[in-house]
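Next, two complexes with subunit A in common: one pairs it with subunit B, the other with subunit C.
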Partner chain A sequence: MKNQETMKKVFMYSFLILTSVMFFFPFYFLIISITNPSIDITRGRLLPGTHFIENFRTMIETSLLSRAVINSTIVSFGQTILSIFVSSLAGYGFEVHKSRGKEIVYNMVLLSMMIPFAALMVPLFRLFGTISEVAPIFGIDTLFGVILPYVSTAFLIFFFRQNTKMFPKELLEAGRIDGLSELGLFLKIYMPTMKTTYAAAGIVTFMGAWNNFLWPLVILQSPRNFTVPLVISAMGSGYLIDFGAVMIAIFFTTIPTAIIFFVLQKHFVAGMVGSIK
Partner chain B sequence: MSSSLSKFSKNESSVQKKNHNTVSSDNIAVKNKGMGKLERNRVIMSWTFVIIPTFFILLFYFYPMVQAFWLSLHTGAGVNLTFTGFDNYRRLFSDQAFIAALTNTFIFLVFQIPLMIILALVFSVILNQKTLKLKGIFRTLVFLPSITSLVAYSLVFRYLFSNNGIVNQILMGINLIDSPVLWLGDPFWARVLIIIAITWRWTGYNMIFYLSALQNVSPSIYEAARIDGASAVQQFFKITIPMLRPVILFTSITSTIGTLQLFDEPMNLTGGGPGNATTTLSQYIYNLSFQFTPNFGYASAVSYTIVVFVVILSAIQFRLGRERK
Partner chain C sequence: MMNKKGYLALSATALLLLAACGNGEDNGAASEGDDFEGITDDPTELTAWMWDPNFNVAAFEMAEERFQENNPDFSLNIVENSQADVIQRLNTSLSSGVETGLPNIVLIEDYRAPSFLTAYEGSFYSLGDYFETSDFADYKIAAGTHNDNVYNVPFDTGVTGLFVRTDYLEEAGYSLDDLQDITWEEYIEIGKSVYEQTGVSWITNDNGDLGLMRIMMHSSGVWWTDEEDGVTPFIEGNEPLRLAFENYKEMVDAGIVNIHNDWDQFIQTFNNGDVVTVPTGNWINASIMQAEDQAGNWGVAPIPRQSVEGSVNASNLGGSSIYVLNVEGNELAAEFLAATFGSDAEFYQDLLVDIGAMGAFAPASDGEAFEVEVDFYGGQQIFQDLAQWTQEIPEVAFGQRTYEIEDILSVALQDFLGGADLDEVLQNAQSQAELAM
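What follows is the complex of A and B.
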């Protein structure tokens, strides 16, 4: 019996160690590769080299990555702030002031979760073509255009509504007696109380925006407007690929998401699983 | 989750019909009850809170969907569109590239999702054990791929799995293969590579859902099963899976919808190749609209097939999940 227990343990730990190595291996390869010349990366060298500075220089000289980092930062922060504000307004409205009419609107909002983005890219591109004619700064090849379709999403509205169920409504009564308007209640009582919900929603949205590829690829045309994934994708599919430069670009643009994950792990997980509770 | 989903499907059909009737009756109700002016302002404000986001969803989701259908009945490049009825849909059946993309998408769906879900369940059960050492580290390592951008990890995988890349070297080193596997050049292995890559990226993500659900399962249930002599495998199938059914359902729906729209990986890892071996529906729509001579009408017809599949598959999975209750 005891022998069997030990066997089970040995088996379990070997499974865990083996799979963990497999899950971590691509990260190890990435970290090692930023120090190796292009040729060694294709050969799969697994030891650190001395080519870090050259790789960095090549990346700066041959790609628009620094510009892309600025663009991605604008898009990610813009999208996060706008969308969590707009979507939380809806979550608050649906949950605090319930009515039959709102339930119907809410169900329609949820229905949009079923619409796959792949089906939207063509008509959205045409829609932004029209927007370009009226207000060029919101149209095709602009950072606003990247953000706009995500300002209000069913997922975030759903997420905020679910979390608002736990919100203590008595706080609002107190605010009403103090004569706060509905917007005042939202800004001065609801938002500060729901800080952790905002943090969770904000992180998930930020990561999604930072890593988004398809829609920016469709709507952005000039390389100076490209976001990080577009530049990295372009670097990786050129004729003369410098693998070291690509690796270093990937490394530096993964760091922000890694930092967010390690620093805000709790909120991160809350943002992921919070919607299904 | 399950309660909201049931609400969701119940009202689906009645949504459009009732919409504006109720909006007006709502305001009338407010007046009739003779609420104070202040209270009426609050109701109006709460509607404003709701209407602005809903407007964006109408504009950027529902209006484009209607547009896409209209487009799918037309043909021609750019703005010179002519009405062709259902010709675009008829063309789908004889379009080899479309059939290839559809087949690929379904291959990924059928093989990758069960593999990933089982793997994620196994990890979550193992990593949920109280006595396990270094739990936190193992969890972090399995989850870490989920923070990477799809473009970035696809490129790293392309180098890992190149012909003389490190994976082939290791496999040859341990004598598993004699000559390098052509991961990017052989249709079969290219598909396997996509499945490996997606599994690497998403297993930890799904595991987190199962882990958080397992925390709500009382350890005494497992205790009782052990006393009754149930093996670990029996416990897994008889307790863990039934207890986690709603979460498994949720993750399989989101994974299905995700896989139906697979784009970043084939685009950056295999380029859809070799030939059309890993081209997905999303990628085909993108190519039709923005790579080849733009044919928005036909691309829209292809995109409607994805919509149909998303709706049907979600419905099936939801039905299955409810029946076994």
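What follows is the complex of A and C.
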């Protein structure tokens, strides 16, 4: 009996160790690679080297990465704050308020999730072409232009509505009796109560914004405005690629998302299962 | 009664955001305004879209510098993306009809050029009157010709060579001389013998990439599509294509092929010394020379030819040309290109010396830079050889569907390698490609 238990454990641990190694290996290779010259990276060297400083220098000299990190940070934070605010207002409204035709509108919003972005790109670009003529600061080749299409997304509205189902509506009644305005109810009762939902939505949106590629690629034209994925993609294309520099760029841009995730991990899990304190 | 703190926090966030985004605009404020409508406002600054920092971008920076000697006000704003990204952006901009932000100059791979010129007729500016087109290899000019107008200034040639590890050859009792002007059948025979004696793979290939077939077919002057309309698939009854399939299967069956799956693995294979020959475009040179420990052990022979009439020992793989968009600034862009890439033989010498870029400009090949004996290749004058082969490459009409048809054919190739009947495989591919039209 005890023997069987041990066997089970041994099996379980070896399985877990094996999968951990599999998941950890890409990171290990990334970290090793930033210290090796390009030739050793293509040769698949798995030991640390001495080329870190050269790689770093090449990366700084040949790419606009530092500028891109600033741009990506602005876009990601901007998009996260704006979109979770706007979408949570919508999700809250859909769930809490009653109005005729509400469900039809909501279903239409959900349907828009079915349209792939690639199909929207050309019409969207045309729209921004027109916006550029009227208000250039919101148009093509601006960071606002990157954020605007994502300010309200069907997924977030859906996410907030679903989570709002568990929100105790009595709190709103109590707030009304105490004389809070409708906006006050949202800002001072709903938002603090739904903290974990906001955290989960925030992480998802931030990661999506940080890694977003297609739309920034199309809308941003000057290198000065490029975001991180665009710069990395450009570095990895050519007859002779300096993998050392590419690896350094990837390394430094993986850090922010990793930090954000680890800081908010607790809330993220709680938010995903929809807990309310 | 929303308290003051709440409003304050909210408006502070909003302000911060506005400021942050605004900052993105203001930075480099001097150029922002001009940049945005740079094409119309400031006729001395041009924008160019391209890929590859060490090659294309470096070449254009050199061209900019040269042009500035006589035009001090001129400046070139180079926007660097990957090739796939340049295509994506160009397609979106052109198909939405929004001119804002379109570049003046764009680099397009020769295989893709015909489809752009056909799909966006009128969007490109004709350059034939700006430079002497006969100075360039015919096949390069043909790639950018649409309705008898020349729209491209050719840039790098994709002239192929058979890059060989001479030390392995010698070990098996062969020399570089045995590989001069041979057919693919002879190439395979030597390969079998070398593999038997050294145990090193003779060639490395990616079964999902039909580059090798392209090399074989181009040397015989045919392509996947009909040379007249550029759309009708030419798969069934295409003798060079058939032969290419057969030859490749023979290599695979003989066990002399190393299979790689992507570009990194490709480079890894020869950098690690796991393959004897690399038949590919001259642009591979920089990656080969990365492995300094292999210096002196390489040589370049002419690419093998096919056993069909008209096939020559010269072919091409890849390479791109420069195009000018029909937006304001087009004349300046054309003049800039004509003065540099279009006519400056000395500039081509510098390109070769500084970044290893080989143009398709015939008058440049007599220059000193091309005569240099490269120690890495055992003192061979590889650039002169390659330049000479460039002028021998047959003219081919690339058509509008190169990669689309290749997607179909790479599946066909897998079927054929798996043992299916070749006639049937090609017939199927032909009807599939016709259906997709």
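Here, the second predicted complex is superposed on the first by the 238 of 277 C-alpha atoms of A that agree within 3 Å, B and C clash if a C-alpha of one lies under 4 Å from a C-alpha of the other, contacts with A are read in each partner's own complex, and residues count from 1 in each chain.
Throughout what follows, contacts are C-beta pairs under 8 Å (C-beta built on N, C-alpha and C of every residue); 3 or more make two chains touch, one makes a residue touch a chain.
Treat the numbers as computed from the prediction; the structure is a model and nothing was measured.
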Exercise. Does the subunit A-based superposition show subunit B and subunit C clashing or fitting?
Worked result: clash
For this session: In the overlay, answer first, second, both or neither for which of subunit B and subunit C A:102 touches.
Result: first
For this session: Considering only touches as defined above, state whether A:154 meets subunit B (first), subunit C (second), both or neither.
Result: first
For this session: Please work out whether A:34 is in contact with subunit B alone, subunit C alone, both, or neither, and reply first, second, both or neither.
Result: neither
Problem set entry | Contacts of A:218 with subunit B and subunit C, given as first, second, both or neither | both
Exercise. Looking at the overlay, does A:246 come into contact with subunit B only (first), subunit C only (second), both, or neither?
Worked result: first
Problem set entry | Dominant contact partner of subunit A by residue count, subunit C or subunit B | B
Exercise. Is A:126 in contact with subunit B, with subunit C, with both, or with neither (first, second, both, neither)?
Worked result: both
For this session: Quick one: classify A:93 as touching subunit B (first), subunit C (second), both or neither.
Result: first
Exercise. Which holds for A:233: it touches subunit B only (first), subunit C only (second), both, or neither?
Worked result: both
For this session: Classify the contacts of A:143 with the two partner chains as first (subunit B alone), second (subunit C alone), both, or neither.
Result: second
Exercise. Which region of subunit C runs into subunit B, 9-17, 63-71 or 81-89, after the two models are superposed?
Worked result: 81-89
Exercise. Which subunit A residues come up in both lists, the one for subunit B and the one for subunit C?
Worked result: 42-44, 121-123, 125-126, 181, 183, 214, 217-218, 233, 236-237, 243
Exercise. Which residues, counting only subunit C, touch subunit A once they are in their complex?
Worked result: 1-3, 6, 10, 13, 17, 20-25, 27-28, 31, 35-36, 47, 51-56, 77, 79-85, 88-89, 92-93, 95-98, 100-101, 263-264, 267-268, 271-272, 283-284, 286-287, 290-291
Seminar exercise, completed: Contacts from subunit B onto subunit A in the complex sit at residues 1, 4, 7-8, 11-12, 14-16, 18-19, 22-23, 25-26, 41-43, 45-50, 52-57, 59-65, 67-68, 71, 123, 126, 137-138, 141-142, 144-145, 147-153, 155-160, 162, 164-167, 169, 200, 204-205, 208-209, 212, 232, 246-247, 250, 257, 260-261, 263-264, 267-268, 271, 281-282, 285-286, 289-290, 296, 299-300, 303-304, 306-307, 310-311, 314
For this session: Could you pull out which subunit A residues touch subunit C in their complex?
Result: 38-39, 42-44, 62-63, 70-71, 74, 77-78, 81-82, 121-123, 125-126, 128-129, 132-133, 136-137, 139-144, 147, 179-181, 183-184, 187-188, 214, 217-218, 221-225, 230, 233-243
Exercise. For subunit A, which residues count as touching subunit B in their complex?
Worked result: 8, 12, 15-16, 19-20, 22-27, 29-30, 33, 41-44, 46, 86-87, 89-90, 92-94, 96-97, 99-112, 114-127, 148-149, 151-154, 157-158, 162, 181-183, 186, 207, 210-211, 213-214, 217-218, 228-229, 232-233, 236-237, 243, 246-247, 250, 253-254, 257-258, 260-261, 269, 272-273, 275-277
